[in-house]
């Protein structure tokens, strides 16, 4: 059974704010929620002035995977990419958030004598960090970043996983795509389950690569969400059976084999 | 000729914020605007997050009379009564505002060997303070307030005028309405022009009283404004001739004799 | 207790069709949902005769003070609903209103008849206003076509029949009058306003379905005007909705003549918006603020 | 230079009728207004045959991401306009489009003929959509009545005739097609959406005029959908408006097929919104972002 959210949104306080490279890490005190499972997420909105940003947004809450949880505290990580993350980026300790969660279904263990292999990057770190921590086995994590400033985010998972980094600009680690590291690793030893989270283009490459190598993969996907608890039917991804899955209740983690090739843009 | 506003809105910084009793005084640096005339006003909106407050407001800029002007600085005074003033109340030094102004037509001198008599209260202080300062003659100012905390606002005009205070709760000065002070003063010496600004109910009492005593009065009126420069036709008051005047271009100061009895509520 | 077409409801706040999935919400929040159910009646998402997968993503666009959706009425179809959903919805602690939509009179007739035959269903809401499906729009925008539809299906319904009107019309009151005259027991409004958004990165329409429907605070005052216009012309009860996010908004709708108020988009921001708004409304009414006896026009 | 019905315009941004009073603005800002006029053409406030005082206050309500107005078309009437306003408007550095409205075909005919006879007027915009005056709404919502009106007045206009459509209709494209088929040279849309607000302190409608019209960002995506729908059906140029507050919003409207974009409510927040948006649009177009050649449907 996945952890179940307390009914409704609850008001929590920001306890600390840290910058890690290009990313912001928000700590919030959440004493009334259960311990979430890796890959689950929360809907977040500020109590004050959620709205009034660019084009009068944000209006809807925003989905964020938790980075770590424990001792009555949740950590989230994000980069300023739009009005919602911009507003969250203005928060200081003491400010208040509405949160709903934990929501959705997270990662499932590899089983089958397979090892867990984590692959992802950028803002995809949180579910992977949480999963590595839950596994406890210091799995290998292949992480791709745009540049050195973003690669600094790898620090957030280094305690839980053995990290190998790739950067687009070569400023750190492998100069190139994380999927190049993944291809090499799959070729070396394919007895694994790949756990992945990252930008759509990367996830699609991971999906295609794993399909090619016949390796099971669990992808933590993203989609625009209005509600996060199955109410709006907005957050769907196309399945191979012709239907759609709601990411917020059927995901956000889905088996790669159920999916159609993913659209490459933010859609 | 009234001072004319630079074309368009301009971005200015808050230089200081003070609390005076129940009121907030905002100082802003405005080096590009002309010196305004007493009774003129500015349209204000914050640069950041004008919006996202109660019921997703404010959206339109808000009109504020200036309290004082000079040395490249403007002062405004307000009380938190809704989403716009609430947002303005959050500003700290360094925050930025859009301002447009000075706008509208202000007070005209008494002439005719009449003395200037100021009567008003509450948030009506700014135009009266500016007018007393422009007159330079330390006129008598009769000011009504809800209670002592609000009456502290009288400090903002005490350097420019000889102030007599009335409070609704009797906590300071005359226990009762400012119009009682005004009635006595008009009975004592009616050779004056009454300059008034305050809540609608007070203005209506002043208008009626001056009409009764056949004393000319200039009222600085308020109305909901969308634009402040004559564009929307929203800010009208009913005239005795059956028409309407736009407060932002024909006012906000109007001769009392042109007006129909004023509606008593905020309408 | 409020009497709405014979249903006894605890308070006047229900949900807008398609804005709360009680089955999914129970998966997310567990049985706490049943203990503290936010609405006094539950309105199901629109059911069609055949199953529908819905529109391709993206299905959502965040608009100023609101959102646009182009969901495309995904549902299991009538049989799937009766077999799979209905038993679960029957476990809810409140009356169930089933929302249906068909693209022909015959389809609607089948739906109304089958749904109305089920004891679990307390009332039927007929969606003639969904902007995402061509027919829905057309029938609901024209008094004559709507009258013909209601005339044909009313006798088959067996349960109170609520007609959900489209706001995308010149004279919504005329349409409401047509529904009333053919025996509709209530009307509900507004559905979403037809709207569109472009992909900020270029390439045409953002929504997979092309156009969509605007909901949320942005449409609140449009809804209020339409509800007031309808209330002046019909005497059957009205379920009013559109941008309700607080007790005062619900109160406004009651003031202009609504019997019940539905909460839609606000559920997405606050899963317990229904209970919160019902409580806010109650304290407004206790405080003696403008009541439903007031004449707002 | 943009050619719009034979008018040569510097850029595609004009003002929405009734949202910028060039005469009052010149009093407020002086002749700087003429030196830096925000629009490439100026659209006057609606003129009626007889003078009108307009609606009793309050005339404004601030809505989520927008506003409701119930101004009631105050104006000096045709004679007052020709004698008092026209000479002052003729001093503007841009082409003048005069917006007129009548409650009968005959009134409109008189207005169109008198205004079209004046050299200072470059084009006429016919307001058939103001939600505050009963007739405006009715003619503009019905293709047949509108066709009859345009047929009757087109021959009298002598100048390009733009028909300003109401958004409060089921099928705005059908109305636009009717206007085009009777010889309208262009259509403009959207006018405000019918809306209402209640006095928060009780006592009924807030606006002195009862109901009003919603404008601003709240209606942006509704406007975009209507403009796209009209563009698919007519080939005459479109002046598009509704919630435009930035170059990207104007660009969206051009993308779906508009020829010009009008700025309305945003003028109230930023008196130079017209120039700002024109500049933002230009830099978007230079940056090669989605252009008007793109097919958005």
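We call the chains A, B, C and D, going by the order they appear; numbering starts again at 1 in every chain.
In this section, a contact is a pair of C-beta atoms (placed from the backbone, for glycine too) under 8 Å apart; a residue touches a chain by one contact, two chains touch by 3 or more.
Note that the structure is predicted; figures quoted are calculated from it, not measured.
Using CA-based centroids throughout, the chain positioned farthest away from subunit A is B.
Averaged C-alpha coordinates give centres for subunit B and subunit C that are 47 Å from one another.
Subunit D has its Cα centroid 33 Å from the Cα centroid of subunit C.
One finds 54 Å separating the Cα centroids of subunit A and subunit B.
Residue positions of subunit C touching 2 or more other chains, listed in rising order: 61, 63-66, 199, 216-217.
Counting partner chains per residue, subunit B has residues 51, 55-56 touching two or more of them. Viewed as a network of touching protein chains, the structure reduces to a complete graph with every chain in contact with every other. Those residues of subunit A that touch subunit D in the complex are listed here as 55-56. Interface residues of subunit C facing subunit A in the complex, by the touch rule stated above, are 18-21, 23-25, 27-30, 32-33, 36, 45, 53-54, 56-67, 69, 71, 74, 199, 201, 208, 216-217, 265, 267-272.
Here subunit A touches subunit B in the complex through residues 49-53, 56, going by the rule given at the top. The residues of subunit A lying in touch with subunit C in their complex are 4-9, 45, 51, 55-61, 98, 100, 103, 223-238, 242-244, 246, 248-249, 265-267.
Looking at the complex, you find that subunit C touches subunit D at residues 61, 63-66, 68, 137, 141-142, 166, 168-171, 193-200, 202-205, 210-211, 214, 216-222, 224-226, 228, 243, 248, 252, 255-256, 289-290, 294-297.
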